[in-house]
Structures are given as structure tokens and as C-alpha cells.
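Across the two complexes that follow, chain A remains constant while its partner is chain B and subsequently chain C.
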Partner chain A sequence: MKNWKELEASSFLDANARERALGMVEAGTFTEFLNPRDRFVSPHLPVLGTAVEFDDGTVTGVGLIGKHPVFIVSMEGKFIGGSIGEVNGGKMVNTLRLAEKAAVQIKAAHPDEYDARRPLVAISFETGGVRLHEANAGLLAHAEVMDAFQDCRHKVPIVAVVGSKVGCFGGMGFVAAATDVIVMSEEGRIGLTGPEVIEQEMGKEEFDASNKALVYRTTGGKQKYIMQDCNYLVEDKISDFYDVLAKVADLSMQQIEEMRRIGSLKLVQEQMDLVKLVGEMQPKDSMDLWKYYGNESPEALPEMSTAEFLKVVKRRVRK
Partner chain B sequence: MEEFDNTMIGRGRDAIDMIIDPDSLQENVIGSYVFDPEYGMGAVVGTIKLEGRDATVIANDAQTFSDRFPVVFGGIIGLEEGYKMATAVYRTMEADADKPMEEKRPIVLIVDTPGNGPGKMEEIAGMNKSTGSYQLALAEARKAGHPIVAIVIGRAISGAFLCHGLQADHILALSKDYGTMIHVMPLTSISRITKMDIERLEELSTSNPVFAAGVDFFYKLGGVQEVVNKVEDMREVIIRHINEIYAIKAAGQFEKLGPWGRGLLGEERGGRTHRLKAMAQMNAEYETVADKYINA
Partner chain C sequence: MALTTLEFEFKADAPKSIAKEWSHLGVTGSGDLEVLMERKDLGGKTKAKVVTPVVGFDAIWEKMINKFVVENNVGDVSIEINDDNATPIVVYMRLRQALAEANAKEGEQA
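Presenting the complex of A and B:
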């Protein structure tokens, strides 16, 4: 296992769920809940002849950034596509509940220092959503996560961290959208219906899932950044993600609320303006919108390094 | 597939008429807000009366098509539909903002949807935000005191059920005799993915409700509060649940309702017994280290 410094310098994309969990908090501060030694596995997979994983494919725990407890959920795409079942869905929900509980405890113990000690939740998504082997339980877990998000609202910031191979799709695509702050690398992808499913449902003319450039233009980090569907676009390095978490931990709740894209009538109205534009424009490709927002050579954007891209890109203007 | 001559699939508007006080639907009006009737036509929203009391109704309309968004038909929830439904919830909260909790109007969700819009334009604009915003709105309204009852009359499929249904206080479903479908994927797809015979899966599903499609399995998991056996009973059962929810909220027992309440019910009914054990163990592990993080 790499030491913390080596981890920080590593690629986020190549890191497994536990490395990402360790790397998103300060060195030596991470305590894992239901770690693999607990062997709290899915009881449903063996029935269907599928191998289990001792952490059920999701690492949960708490670490520190400064005085801020950072509650972590980190999904492992190599285990059944990072999918959500009864046990790892429960781990995710309970991590959110523990963060909310910690907020209450900190307010009681340090009433004058709440802002400096306010908890944070960071979720490293790498998942296609519901685990089909236990689909009904996985589906119900998604609703519990959304419910827990609403309980954390205005109290504990929730950050979606997306830069892993599987991306973040299916039900977890809207879970990520419902967080306060989204940080992505250009390799990260967020969507609802995955490329293969669109192709299967609507045909290859609507969406050619084997066209990787098209897939990234539609759901990748750069597209999400232009659309204001991610707040921070960073290089594919664990320390770059860590730096954003450290920054967000110190923002005011008001600043964090302003980063949201959904969650109020005003935000719904802003999104409806976007839907109106898309309905009128009938874009054949994301690049049509990139151009509309003032990027004169949209086809050049995917080729740029993240640093170059951030220098020249024009984004959707928020009201 | 079996034929059901009494099915309510595709009949969201009929279901509204069967549930509400006669002729009480004011479509596209909630409080002082009036919706554009041309917008998001796959969703019906408006104000109804139930035993003389105002309520909001949100239903799918499977009979409409969209010129702007061709993937939306047959009850699919598209970009416009999700935001229209979210707006209906926010306007409901706004209409009762000054009222005490016990007077906040109910919201009735009539569920018959096969999915969220699966297209390229949908992904470019962010279909995930549309469905997510509706769910957050429902969660906020539920916590503010509005009783929310969902009734599955036809199809409640995967992400579309998460969007329209799974944030309610209580979920009801017409029995499977009406052809009601609740699932993520049909058993045939699960058979393909797990490479197990469909016969074997059917046999397994009798003892383990977590993967198979069907109303009764969701009942066992706590995902459905009560199965409604006769379509004529829908109105009466919905009204009974609304009154129960008012009482539970008045007693401050919000945790018995909504997604968390369904988790408790799933354990009680023996369908989901592991998640609470996992959570209890996590809580115990947290207690041993909490001091280090609270007083860092």
C-alpha cells in the first residue's frame, strides 16, 4: 500500500475505493466503518452464485481535514460495477446519518466554533446504480439516500467526487446531482441513462455507445463544467480532489448553497430555462451548446489539457 | 404476458376521477399559480378535493406525445415532466406556507410510469437533475408536514419509481391482479445477467424478495405499505392513509414515514433484515472514535 504522500500524487482514476477514501482526508486520520475484517457481506449474492466482497464494494468511514470531520463513502467499480445493494446502500445512508449526528454533537460541544469544525460528507461515486442481484433493496436504498440528503441540507455540506472509471450512472446519477457541490476530473462522467442503454433503447443513430469521444462530450467532466453541472474541474490527481474538499470545508453554508443546481423553486426555474433552450435548439451534440455559450471552436475543447481548458472555456451563465 | 382486462395501465386520468370528489380537479392550478398547459404534458398536476379538503394531485399521462422531446410518451417522465412535477410540489408548499402543520394539504401521487427519458438531448441537458429536483421537493414537502401518499396503479419501474413514488410518506399499490408492475428489471433480464435459469430464480424469489419483480415482494421489503385489492377501494384507502399520516406527523414521529419508515417496515416484515444490523454496527464503531473527531 502506498503511503499518504505517494497516494496524493497518484492518479484518482487508477485508485481503488480504499485509496481514494484515505487520500480524501489528512494523513493517518481515516477510521473505516464496517471494514473488510468485519466481513459484513451481502447475504443476497451467494444465493445467486455471485462472489461477495468483505466490504460489499463500498468503503465508509471518517477522517479529518483540519478540525472538520470528513465522512467518506467511496465506491469500488471493480466489484459488480460499484452497484448498490442492501448492505452497501445501508452503509451509505448511515454515513450520512452519522455526519448529521456529528454536526449535532459538535454544535453542543463547541457552539462558538461550529463553522471551523463543521462536518463534511465526500462521496466518491463509481457506480451504475442499483445492483440487479438485489435490485429491490438497492432501489429502496437510493430513496433513503435522497431523504438523508434533505436532512443534511443547510447543516452538513455534501460533495460529490467523480473521476473514476465506471462514472456515475443510473439512480446514483441523480443522487450526485442532488449533492451541494460536485467536483470532477475530465475523465469523470455523470448521467442518468448510460450510453449502452440509450443505444439499446433508442438505436445507434440516436447514440453510438462505442464512440468514446461522443460519450465524454455528453456526460464527461468538461461538458458538466460548461453546463454548470459541476462546480470544480480538476486534474486527475488525488491531491487535486483533496484540495477542493479542503476549500469547501471552509466555505460558509450560504456559499455552499449557491453552488447547488437543484433543490429549490428558483433553481428549478433556472433549469427550466435550459430545457426550453434545448427544446428549441434540438442540439445534435453537446458542442452545439458549447458554441451557443460562446466557445467559438468547440471541437478544440476536448483535446485541451484541463489547465488550458479552464483558461479559455466559456460556461453557461447563471442568473 | 398475461392479459388483464381490468388493468389501470395507461389510465392515469381515469384514476384521478375515481379517487377525487366528483369533478373537483382544477388542472394546472395550485394555489395562485397557473401552469402552462402545453408544458410537460406527460404529467398531470393540479388541485383536487378529497372529502372537501384541497389536495395536490400529480399523475402520469400515458396518452400524450412531445414534439420537443420525442422520447417522452407512454407515461415516460422527461425533462419537462420532472421539473413540472417539482414545481407542483414547490407551489403546494408555497400555497400553505403560512398554515400550521396539521393544515398543510396532502399530495397524492398517481404512479404509472415506465421510465425516465432515455435520450441524448436528455443527457446533454441533464435528465438526472430533473428527476432529482422532483425527489428533493417531495422530501422537503414531506418533512414540512404535507402528507404524501403514492398509489401505484400501473407501472412503477426503477428510476421512474424513485422519481415519482419513493419519496412519499406511504406507498400503496393496486394488487397484481390488475397487472400492476413494480420492478427495476424483469426477471428475464436478471436471468441473463446472473446466468441463472428463470425457473430457478422464480423458486428463489419465493424465499428472498430482494430481486424479483412484483408488488408482493415490495410489500415484504416495506416498499409498499398496503396492497389495495379492489380498484373501487382506492379513494377510501388513500383518505385513510392521509389521516394516519397527519396523526403520525402530529405526534412528531416522522421517522416512521417515508424512505426511513419503509426501512423499518422492511425489517418488521422480514424482507430487509441486514441493513439495520450493518447500521447498528457502524454506529457502535463510530461511538468508540467519535471523541477524536468531535474534539479534533
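Presenting the complex of A and C:
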């Protein structure tokens, strides 16, 4: 395993779930919940003849950024596509519940210093959603995570970190949308139905999943940044994601609330306006929308480095 | 259909245990595997447990892990592997990496 300094300098895209978990908090502060030695494997997979993993494909734990305890959920896309089953779903839910419990206890113990010690949850999504081998338990986990988000609201900020190979799709696409803050790299992708599934169901005319440029400008970080679906766009480096987490940890809960996309009548109206706009415009490509928001040559945007892109890009203006 | 569990015991000529109490390496990805090594008093022997969806390769598993144990003089170690169709040479490479990780100094891990 790389040491912390090497981890920080390395690619987020190439890192496995445990490396990302270690790299998203300060050096040497990470404590894993249910580590591989606890052998908490899925009870359903062996019956179906599918290989198991000691951490069930999700690394959970807690570390520190300054005085903020940072609760981590980090998914491993190489293990059954990062899918969510009973055990790793339960790990995710209980990590969120622990974060909320910590917030209550810290507030009681340090009422004057709460803002400096407020917990943060960072979820590194790399998943296609429910694990079909144990789909009922997986779906239930999705619902319980949403519940836990609601319980954490106004108390503990929840940050979605998306920059891994599998992206964040299926039910977990909904879950990511329900977080407070979303951080992505250009390589990160968020969506509901994945590109291959759209092509399979609706045909190549509708969506050509082998056209990687199309896939990335529809689901990738740059598109999400322009549309205000993601709040921060960073380079593909673990330290860049770490820096955003450190920044968010120090924001006020009011500032964090303003970054949300769903969760109030006003935000629902904002989303409805977008649906109306797309209905009227009938865009053929996400580039039509980029142009609508004031980007004169939208075809140049995918080619730019993240730094260049951030300098010139025009985003949807939020009310 | 269910997963196969294989258990083996090996003995090297000059067995030496690992530096850390335990260590873990790898991901059970397609064509890959994860290794969990633990220091254990086994009278110099090495115990290995393999959980795999593959059927009919018991003898090759035994040969490959034996080669690893004998060539690297591993002893008093319990090895557990979760495999997902890794080829023998990948198995050998991951075991070597896991051993390096299990003997890495704390500072290197940080």
C-alpha cells in the first residue's frame, strides 16, 4: 500500500476503495469499521456460486480533517460492479447513523465549538446500484440511506464524491442526488439508467453507448458542473478531492443547504423549470444546453483541461 | 453451483512468520482475488483456505500455494483467499504482494 503522501498525489480514478478511504482524511487518522479481518461477507452470494469479499465491496470508517470527524463510505467497483447488497448496504446506513449520533454528542460536549468539530460524511460512489443477487435487501438499503440522509439534514453535511471508473448509476444515482454537496472529476459520471441499458432497451439511435464522447458529455463531470448538478469540479487527484472536503467541512450549514438540488418546494420548482425548458428546446445533445447557457463554442469544452474549463465555462444560473 | 472451499497445509524448510499481526491485499474482482494473511502459531506450518467459484482446479491451487510457501519460506501464517476466477500466475503474484505488504514497515504504510 502507498503511504499517505503518495496516495494524495495519485489518481482518484485508479485508486481502489480502501486507498480512496485513506486518502480522503488526514494521514494516519483512518479507522475502519468492519475491516476485512472481521470477515463480514454476504450470506447470499455463496448460495448462488458468486465470489465473496471480506468487506463486501464497501470500505467504511472514520478519520479526521482538522477537528472534524469525517465518516467515510467508499465503494469498490471491481467487486460485482460496486453493487449494493445487504451487508455493504447495512454498513453504509450504520456509518450515516453513527455520524448523526456523533453530531449529537459533540454538540452536547462542545456547545461553543460545535462548528469547528462538526462531523462530515463523505461517500465515494462507485456503483451501478442494487446487487441483483440480493435485490430486496439492496433496495431496502437504498431506502434506509435516504432516511438517514434526512435525519442528518441541517446537522451533518453529506458529500457525494464521484470520480471512479464505474461511475454512480441506478438507485445510487438517486441517492447521490439526495446528498448536500456533490464533488466530481471530469472522469466521474452520474446517471440513473446506465448507457448500455438505455441502448439495449431503446436502441442505438436513442443512445450509442460505444460512443464514449457522447457518454461523457451526457453523464460526465463537466456536463453535471454546467447544469449545476455537481457543486465542485476537480482534477483527477486524491488531494484535490481531499481539499474540497476540507473546505466543505468549514462551511456553515446554511451555505451547505444552498448547494442542494432537491429537498424543498423551491428546489422542486427549479427542477420543474428545467423539465419545461428541455421540453420546449428538445435538445439533441447536451452541447445544445451548454450553448443555451452562454458557451459560444460548446464543442471545445470536452477537450479542455479541468483548469482551462473552469476558467471559461458558463454555468446554468440558479435562482 | 455453490462456492468451493479448499483447505491446505504446507511446510517450508526454514519457515519465517510475517512482521505484522495481519494484512490484507487486493479486491475480488473478475480474474482477480483478495488475500488475508494472519500471524498464527502453527508450529511452523502455513494454513491456506481458498473460497472460489471455480471447480476442478484443486491440485493446481495446492501446487501454486505450495510453490509460494516453499520459495519464500513462509510459516506460522494463516492465508485466506477469496477468488473470482484468477489465473495461477495472478494467484502467485498477489501472494507475493500480500507477503511484501505483511512485512512492510509501519512508516511505509502510514
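Convention: the second predicted complex is superposed on the first by the 319 of 319 C-alpha atoms of A that agree within 3 Å, B and C clash if a C-alpha of one lies under 4 Å from a C-alpha of the other, contacts with A are read in each partner's own complex, and residues count from 1 in each chain.
Convention: a contact is a pair of C-beta atoms (placed from the backbone, for glycine too) under 8 Å apart; a residue touches a chain by one contact, two chains touch by 3 or more.
Everything numeric in this text was worked out from a predicted model, so none of it was measured.
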Three-chain arrangement built on chain A, chain B and chain C clash or fit: fit
Comparing the two partners chain B and chain C, which touches a greater set of residues in chain A: B
Which of chain B and chain C A:76 touches, first, second, both or neither: second
Which superposed partner A:36 touches (first chain B, second chain C, both, neither): second
Partner chain in contact with A:155 - chain B first, chain C second, else both or neither: neither
Touched partner set for A:27, first chain B, second chain C, both or neither: second
Partner chain in contact with A:4 - chain B first, chain C second, else both or neither: second
First, second, both or neither for A:314, with chain B first and chain C second: neither
Touching partner for A:291 - first (chain B), second (chain C), both, neither: neither
Partner chain(s) touched by A:48 [first = chain B, second = chain C, both, neither]: both
Per-pair minimum CA distance [chain C against chain B, superposed on A] in Å: 8
Residues of chain A at both interfaces, chain B in one complex, chain C in the other: 47-50
Chain B - residues contacting chain A, complex: 68-69, 71, 79-80, 83, 86-87, 90-91, 94, 116-133, 135-137, 139-140, 143, 158-159, 161-163, 166-167, 183-185, 189-190, 193-196, 201, 204, 208-212, 217-218, 221-223, 258-260, 262-263, 266, 272, 274-279, 281-283, 285-286, 289-290, 292-296
In the complex with chain C, residue positions of chain A that touch it: 1, 3-5, 16-17, 27-28, 35-37, 39, 41, 45-54, 76, 78-79
Chain C residues touching chain A - in the complex, by the definition given at the top: 1-3, 22, 24-25, 27-30, 32, 34, 36, 38, 51-53, 80, 82-85, 101, 104, 107-110
Residue ranges of chain A touching chain B (in the complex, touch as defined): 31, 33-34, 38, 40, 42-44, 47-50, 60, 62, 64, 66-69, 85-87, 89-91, 93-95, 97-98, 101-102, 105-106, 109-110, 117, 129-130, 132-144, 146-147, 149-151, 170-171, 173-178, 190-193, 197-198, 201-202, 206-207, 218-219, 223, 227, 229, 261-265, 267-268, 271-272, 274-275, 278-280, 282-286, 289
